[in-house]
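Following this line, the structures themselves.
Each of the next two complexes has chain A plus one more chain, namely chain B in the first and chain C in the second.
Let's look at the complex of A and B:
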């Protein structure tokens, strides 16, 4: 296999280091010092340390959002049968109202899907001055009177923290008064450096206030939770269907198309598989400590990755019937997928892609692109930590800075009654002896090529430079970058909203994605960007065409129209 | 869908459900994009900036550039001076805009950051290059709505920049309101036909409607230039469209530079456009060219041709106050019956003005400022309407109640082309009629018994 290199638009090789320097050139000294730690030339064998999960530099055009977005928007918002009340001025609730495509289908027709509702205390000046606790309590009462929900989740926005409203006290009071679970989340936007802080806060709250509330017997021994899967574009449904075919039962998907009871009974599963490591690894850890549920990382994005993940689940349970069924399913799904994959690959092979998104997708989707012969020249996360880049092995070496210290680390102990290790130490040792790994995530960089470029929290300027220097064939990003990228003539695939397409998970989803990338890279629209008069500015050529065309229109020659056009094309 | 909504209304004093408004900063960001070479800057947590850029992008399907002070807990405690100073230095070094237009957020408002002092300090420290303009407006999210934020940014822009030299020019200021770029283009086209030199502020045409030619410029050709904004103080008059979005700015300019202001509504629909054209005629002392009268006559012709399909139809309208006021007037012009009229933006003026418009229309409407779409839905459940007019957030009500939705206003997130076709002017009025009549006839064609399914109508 030939050595990987990044090529410029003119086809010359450029080192990742040179590309990085090109990007940094414009920055003031202090900004440059910070950014250079977040941009690296990759070495999968000896992963360099990346400056991830650090503060965004003010004035830099960043992709990042806030803690509230990570807590309400990502982790909790998708629970569709509870009421979500945002405590603050109207904006935060408004922007997180159906703007993420975490699709949901209520269990019974006629059940209320609360994702269709945006609820807020709509704080006015008076509450900012005199405090908003009373209004929040009243809002909970009004929500209960109108909807009689199973539970209410309350989310703090920036000013709430500053004026000192105690949302947890209000939540406790309302729990007693209304007789339902009301829980507060202190996810003010300024906490932490990105959405990531919000994920952690949400994990803590869900674990404390919901997980373990509903005990139930699982009749299927192969009962699992899929953690960190949010059902964007219906992905969770594809995964669910696939697992069901294999005989595996999904107790709870955190938190794609999930209901309150599923969250509360998630501790009854026998295994946690983790999709988005960044947003939910805390939950996996805490559930293992308290309930004895083992976890490992999977990826159902990409055919090869999906097959690998299924096999690992099979190996974990170690049941021959299950393992055989998994192999049958993989064979059948691969057989259906292969012709599509082959056909698309004939057009996409060798094309280059760059991915800058989220906390796991920029890694997961590299598998899908590699299924169709496309190569990742550059990638990075929006809000991930070092372990998502370099692997969990670096966890003990990550320095906890002031911003991370603000986020509570809850102390978890084994549940005196319900702690039940799903595997004995001997079983675990036997699995590990065969190369099986638990609590594993190797991170993005180990899978990327040597000398590819890793960029954490990419800025607008760096994105523009990347396009100017190497013009990848596809860039995966989000809505804020999409139209910049496309103005520059590069198709952009949004990996937050999937551009309102999908599902892309599992084998069936992979087929959708292959076809979508085929569409994006072969659409005629990019060929129309340069008008004909700029493609061949010679005046004479178009005159010849003009003449020939004019002649075609004369009646005696009209029969020869197609023929006479040919020489004109040559001219 | 919306299964939790029941017809019976209850008094709510604390819980907002399905708002018909959002917060101030997004309006300020949008207004700032209508200044040429301007980088809007959000002084607060980076989530605000991210949400606003995302939402504007979803509506305009165009790059929306803005920067943020990226507050962390430290800045929330100690204030945003350091963050804003660093931001200004980075913005000018990296993106090099002509103007930075700062707006605050609820966070920086609660902290109480004094923006002018921070700007001055940054200037003194050389963080703002010579010749560059930095302006600001206060946009506390807990007051008003996105329309208030828009109005505040336009007003502050004038406050910072408009100057009076004493030499009155032949130019007319138009403060068009919270409109799409296509609307601005249409207003400019009309002014061109009328032969009136004008300055529009803000002007997002050429900024949020650019083409795809393989190039990207962070600061495209469009937007009102600083030079033009300065000279607004010398214009012979100002026409401001919309009480909520534009009148404050025109008042500011009148007070600041003594430019006479004409306070109009949005030129949406027949009467709105007539009033606009007539005001331009009077301020600019011109005769109306035949071309304009022909345009108008074509609209009247269409109104006459299709009157039978719209006459008496009941309508629920929800959205931003200036848009809803203008649309209500147009519906009355068409002999339609506005039945529920709602804006999320607070302001008693709204209810008073709608009552005036509806006074002789025979329409007994429920009108509410500071309302929401949840209550609107409850009213519709009590007594339905023939059409709903509003932004994309009404689509769930429309589907579950089987009432056609005419997409109108901001934001439209689920259809691609509304932003490209104006709703202002006689041209815009024709498009609105087209959409309404088609919606009525499509529903009839889809649902009527076969014997009534007709080829010609």
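Let's look at the complex of A and C:
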């Protein structure tokens, strides 16, 4: 096996360490010291400790969002038949109004979908001074009068925590008054270091106020929950369809195209599979303790990863019929996918990608890229913790800092009536003896190449350095970075909103993604960047020496004008 | 702070009685009601507390947008990082351009003890990374609620870090519980001139303070000013910084924007022209320049449509001492000619207009000019001067329609939607957020204003001048023709 190397734009090898230093040299000393711990040269055998889940330094332009975004925007927002009320001034509600592409398509008679709806108490100065609880209570009444929803969820924004409005007290009062479940979430934006805090708060709230509320008999023994799947671009639907083909029933997808009853009855499933470990591992853990549902990590992003995940589910249930069906489905899906994969790979093989997104996607999508022969030179999460990088084995060694202590750790015990271990200790031991793992996540770094560069909470400046030095063929990120990346001549695939595309999960989704990446890496559009009148030999000669004619090019744009055209020509 | 009064909480939501137990109330509706999607037209009689599908955005967004229109400026939101992230992602989904907005990243302890140290770190890091000419600070709900004293923070920071060539710093207070994004925008412009304008020998320079318009609008305004031969300061000017070319080399801050020097020179201009009837006479940048430096401030409406554009060009004619250039006389002529051509397709059509107050006022006047009846003019704006603004924009054209027109300020899309059905409009005109209403009514939506995130090029829509009116006009006529053509059973392909 040839050694992995990061290459510069001119094709020379550069060590991850040198690239890191290039990124850091501009920072003041203190900033540099902090960022040093978050940018690492990878070693999968002996993963170095990463300074993840630490505060973003003021003035560094971050991709990260806030606690409210993690709670309302990510975990709870997709529950489509409850009314979500943002308690605060108008901005927070407006920006989380349909901006995440967590699709929902209620199909049954009586199903409701309030996701088009953005309700806010729109606090004014008067409420900031005198308190907003009355207005919030009235807003709950309005929501009830209008829709008679199954439940109402209330989300606190920054000022609410400061003025001391007790959203939980209002929620309790309103529950009594309206006779429906009204729950409050103290997810003020300033809590925690990123949206990750919001995920945790949401997990706690959903577990306390919803999970276990509705007992339901599951007729299919192969009933599972898919946790940490948000149905961006319809991913959850792909996964659902695939599992159904195999004979597996999805009780609840937390949280993608899911309704309140599904969430409330999720404790009746026999297995939890976890997609996004970061945002939902708390829930998996709590459900295991309280109800005896085992969990393990899966990944339905990438054909090989999907097949592996399906087989693991089959192995867990240990049913011959199920295992055979899974193999049949994999064979059929792979046969349909193979020609597309082969065709695309012929053009994408050896191309380089960098991914900076989320708390799991920057890892999951490496599988999709490796399906088509592309190599990850650098990757990092926006809001993940050490265990998402280094694996859950490091959990006992993670220091709990002040920001994490802010978030309630709820104490969970086995439910006296409903605790029902789905596997006996003997069965678990037997499975584990065969190499089967529960509560497992090895993290991103174990899978990445030695000497690739891991960057946690990448800043704009570091992103731009990465492009200037290495110019990857594709960068996966979100909308906030997309246009700066593309300005610099690198195609960017958004992995938050999927650029209005998708689905990319499971086999059908993988085909969509291969085609998408094929389109991105072979486009000829970059060839237009330099107009013909700026490609005269005279001018090129002068540019070699770094002296462009002032009349022809503005000095700022002169130096690399030609360089940006090169990759397009290769393509 | 406040507690719930028992009187308020005990009213039953179903029968509205204070003596009723809501859980057993006989008037309570069954929960099994079938609602496929959230009805925008659900009845809300007597309901006012919540904002449902807001028709406004928050103040710091407006301030950030204005600041991105200054050359070499980096906006810094003093507060929690979520504000900067949300505002960036929202502005970017409209402009499809890189938009850097820094944050001082408050955490819980910052919220308790104050943001002084975070602020200083932020400024230092910004200087190192961006080498900005201006650090433009806006205070969010969080820092405003804790009462952060920015004057003191600036003073503290400067006393420790001042050096020759240090970038300027400007602050605008933008608590989102006070006003809308438009207030944030206008206040940011005022803060810029308050901090940066200097006095000097009065010259021919004209200050043009256009308000929140598109990048195409800004380019057109510059073209017009140049054609009148006037030296000018256009503030802000994000026509390039938020609608730029591909880069051959990394630009720390996208090029373009009003130069700092030009802002300084606003104090010695012959005239300020400020667009927006709702802000006329309020504490605006133009007003400040008049009071402080004696630069007269001429308040005009956004030049949307013929009448308002005429007023703008006449003002420039006076300021420059030149007649209106032939180019614009021709554009005007062509526009009028096309109104004659398309009149039968638009005359008497009914429209719902929504968006920022001054945009609504301008569009409303324009629609009346072309024979469309704006049956509802709605805005989430809270100035309380929308009606006044509409009346001020081309009164002659408006005279007939005013009686039938409903004007509503401080409304949300739920309220607009509730009214929309009975108004039976032929089309809607405004930003992307009206799409659901248009879809429910099965009528075209003419997209303009901000935000437009379900089409490409939303930021390049030209609204202003005769040319902008021409484009809007063609778009409206064609949308109506298309709707008619598509809805026709027999079909026709020749007009």
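Details
The criterion applied here is as follows: the second predicted complex is superposed on the first by the 529 of 571 C-alpha atoms of A that agree within 3 Å, B and C clash if a C-alpha of one lies under 4 Å from a C-alpha of the other, contacts with A are read in each partner's own complex, and residues count from 1 in each chain.
Here is the rule we use: a residue touches a chain if its C-beta (ideal position, glycine included) is under 8 Å from a C-beta of that chain, and two chains touch if they have at least 3 such contacts.
This is a predicted model, so every value here is computed, not measured.
Aligning the shared chain A places chain B and chain C in steric conflict.
When the two structures are aligned on the shared chain, A:145 is found in touch with chain B and with chain C. Contacts of A:178 after superposition on the shared chain: chain C is touched, whereas chain B is not. Contacts of A:169 after superposition: chain C is touched, whereas chain B is not reached. Shared-chain residue A:112: touches chain B and chain C both. In the superposed model, A:294 lies in contact with neither chain B nor chain C.
In the superposition on chain A, contact is made by A:487 with both chain B and chain C.
Greater residue coverage of chain A by touch, when chain B is weighed against chain C, goes to C.
Legend: residue contacts after superposition of the two complexes on their common chain; A:133 is shown touching chain C, with no touch to chain B. With the contact threshold set out at the top, residues 26-28, 30-31, 55-69, 85, 88-97, 99, 106, 110-114, 116-125, 127-128, 135, 137-139, 141-143, 145-147, 157-159, 161-163, 189-194, 402-403, 406, 460-461, 464, 478-480, 482-484, 486-489, 529-530 of chain A are in contact with chain B in one structure and with chain C in the other. Remark: chain A residues 26-28, 30-31, 55-69, 85, 88-97, 99, 106, 109-125, 127-128, 130-135, 137-139, 141-148, 150, 157-159, 161-165, 169-170, 173, 176-180, 189-195, 402-403, 406, 459-461, 464, 467-468, 478-484, 486-489, 529-530, 556-561, 563-564 touch chain C in the complex. Across the complex, chain A is touched by residues 1-4, 6, 10, 12-19, 21-23, 25-26, 41, 44-48, 50-55, 57-58, 61-76, 83-84, 86-91, 93-95, 105-107, 109-111, 140-143, 145, 210, 212-216, 344, 374, 393, 396 of chain B.
Chain contact summary for the complex, chain A toward chain B: residues 26-28, 30-31, 55-69, 85, 88-97, 99, 106, 110-114, 116-125, 127-128, 135-139, 141-143, 145-147, 157-159, 161-163, 188-194, 402-403, 406, 460-461, 464, 478-480, 482-484, 486-489, 529-530.
By the touch criterion stated above, chain C contacts chain A in their complex at residues 1-5, 8-14, 22-23, 28-38, 42-44, 47, 49-54, 56-61, 76, 79-90, 92-93, 96-111, 118-119, 121-126, 128-129, 140-142, 145-146, 175-178, 180, 244, 246-251, 255, 414, 436.
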